[in-house]
């Protein structure tokens, strides 16, 4: 049984999606329980898988019983098990939190929404688990296709246009990736990641492999939304309904960072990336520019949704820069930040969802007096804000610490400067929202309005509470995570 | 925008052209593409899977996991079209129906009332067009042959070009032809929206169900060899049988989804009138 | 010079696929109409498919369907790998075609939604109307 | 495979592609796009990829042209470029 875990985590949400579609026309009441069961099963098997992988080492699964270079292999090591758990838990919590708003927004199409949502999660889990370059492309397309649909639905007028822009850029990104895979395939004749990695030293110095790497990388960057290629991201995330942007914003970019790290370590190999290509100076500079410009653009926004979208652009710069610093501190920071940033972004969007659900307005000036009417939500916001600034007991501090150490070790002073500057700017961002919410008096100053408690429903507060606990817990246990999960993975990659 | 486009295009094209100098010559049998994996597929494919069409053998067996997700992509597109476009509009007050055998036009005022015998009537609204006798007759004659050809393509995918995907698209195209030559309503009368939705889910469930059956019988996911325990087939052909089952699933899903996408795009999600 | 010539003759297929791909990419970036962009996107994708099919081609080989394979007589004779074209790129590209048609369907659905809201498909007019609202 | 046929079809494919994106009527774009897909299908059949050619003939030249035409019919034929 336990040998089948890598396949089961993907198959359970997939089957739930198919059954869901049948239930849309047979009995609608069954849709939501099926979705919850599918995602819950996935969470359960992800936990079991993580424990097993940390205990016994990498697990490989041969689909169809064919040995790797012929057939497709699923391969779960420490890093992928960690990201798998992250994806499934966030997807599960989001479906709990968004039941009410989905029922309100899409009464008769909620079944179709659940199906697409499950397919999105399946695609992400598959991308993380697979060890085949082409299979990754197919799963990436499932993820993107469902993300286009999730982002475009709803009543916002501009959502379809934003999503169509995302389609155009997303297809270019995926096609660049496919082209890179084609160039690798024509030089090596194989599609399995480990096989490519073992064949590449034989054709060292080939210009085709170099171009393949560049195209894969640019494709992934487009999908991720790294700074000059981020143009689709803010609009797509801020016009979408919160129940879908809440899961796409934390997971899509983080999984793409995971894919980038996977390509660097498991496919091309760190020797190739840092010694033969040696673009690291350029990429770290680009990442620093991304951090600063993301933070500055977030500062310029007047709407909470847009502000969060630009904070994502800024955080992507952290991870890309950390991964390209070229030392193990930086890589540790980048991987730890995948986890931390996914949790923090999810928490921010939960706060946003609660505000949208009760107030319908998200402009920062409309948040006046919200502290007294939604105390729990705003307490969550302050906790996340502290973590984003990087204050010690919270998880945001630890990944930033590793990134700073890595930056100092690599002598990338611009990157270190960008990190510090963005921390300051996020302090300003958080303080601005808190000030409006807490200190500004309500217009007109009606006493009874100030005191009226108008908090979001419990089903939306519980996930926020759990995420808040996770922010502190991951911070406290981050030494354990680094020692037992991340460092073994990096050592495997170096040897 | 035009200059930006030109610059990007020139940079990309230059990079790609620069990389072609390392490629082996076109059609060179000693290129790595032809010496690493493909000899195994070509020489052992028939023995290991029992399908003479190597493309089908690799598609449905060696890389069956990819193909399952390819079907899921199609399925996802169909559901996405429903999610984005489908609207349920209220019936308008006055409706006019034309009785086809006699040509009499009826006017119905009550929005909730239905006709007793809807087959003999057609709704006349601002998109109504008179039917063309020649097109109708020709399509009526063509559609059964297209459908039989589609079934042949699905069933014969192991031995000749074709397979579930192509067959499904052709079958779907025959239904689209029906919708084009008559109208959307008469094609949806034959195969309803509910039916299409369930068929598309059924197709993917067949595919993954076969894979899970292999898992329950002790093998890995999609390891068709294990099906010998429940199918009374000669063990040499069991993999070909598994592939056939999978292809049938693909055919169902693709057929249904093509019609779903067409109906939603052509009627803007209202399912009233086609083109 | 003769080197360059043999280079071109040997690889003209790869060169032409790059030209085709750049036509598609240019249309996606520079065209103003959404459906034109969509057609450009499809040209871009088919050009990549052409690239994969080109690399699967092998001189003096035939289509990858084993001759006489039906009925079992081929099961006894050995099959030469040089007789048949590499089937793997064909399999990959079948999947890529399916992905491209699925994307096309979703993109067309979005285009219809956009037209319902703004009554135009031109990008500059769309930008104007978005500002007006 | 014969290389003259290959070269001729490749040239035609490029002409169709340029025509499809530069003609000033979206219905013509749709039709030229269908023609482009069909040429592509011939090219692949010529290179021995029969399965892919079959798929492209049914999908690219068939169904996706119908989708584009349906979308053009529901929106507009007008285009500025």
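Going by the order they are written in, the chains are A, B, C and D; count residues from 1 in each one.
Definition applied: contacts are C-beta pairs under 8 Å (C-beta built on N, C-alpha and C of every residue); 3 or more make two chains touch, one makes a residue touch a chain.
The structure displayed is predicted, hence computed values, not measured ones.
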| item | value |
| --- | --- |
| Pair joined by the larger number of C-beta contacts - B-C, B-D | B-C |
| Intercentroid distance (Cα basis), chain D paired with chain A, Å | 38 |
| Rounded Å distance, chain B centre to chain D centre (Cα mean) | 20 |
| For chain A paired with chain C, centre-to-centre distance based on mean C-alpha positions, whole Å | 30 |
| Touching two or more other chains - residues of chain A | 134, 138, 141, 145, 148-149, 152, 160, 179, 185-186 |
| Residues of chain C touching at least two other chains | 12-13, 19, 25, 54-57, 61, 63-65, 88-90, 92, 94-95, 98-99, 101-103, 105-106, 108, 110-113 |
| Of all residues in chain D, the ones touching two or more other chains | 50-51, 55, 59, 63, 67, 70-71, 74 |
| Topology of the chain contact graph, where touching chains are joined (line, ring, star, complete, other) | other |
| Touching pairs among all chains present in the structure | A-B, A-C, B-C, B-D, C-D |
| Footprint of chain B on chain D - complex, ascending | 50-51, 53-55, 58-59, 62-63, 66-67, 69-71, 73-74 |
| Complex contact set, residues of chain A against chain B | 4, 7, 11, 14-15, 18-19, 21-22, 24-26, 61-66, 69-72, 108-109, 112-113, 115-116, 119, 122, 126, 132, 134-135, 138-139, 141-142, 145-146, 148-149, 152-153, 160, 179, 183, 185-190, 199, 206-212, 214-215 |
| In the complex with chain A, residue positions of chain B that touch it | 15-16, 18-24, 31-38, 40-41, 61-66, 69-70, 72-73, 75-77, 79-80, 82-84, 86, 88, 194, 197-198, 200-202, 204-205, 208, 211-212, 215, 219-225 |
| For the chain C and chain D complex, residues of the former touching the latter | 12-13, 16, 19-20, 23-24, 27, 31-33, 35-36, 38-40, 42-43, 46, 49-50, 53-54, 56-57, 61-65, 85, 89-90, 93-94, 97-98, 101, 104-105, 108, 111-112, 115, 120-122 |
| Of all residues in chain B, those that touch chain C in their complex | 1-2, 4-6, 8-9, 12-13, 16-17, 20-21, 23, 25-29, 31, 33-34, 37-39, 41-43, 45-47, 51-55, 57-59, 63, 66-67, 70, 73-74, 76-78, 80-81, 84-85, 159-161, 165, 261, 264-265, 268 |
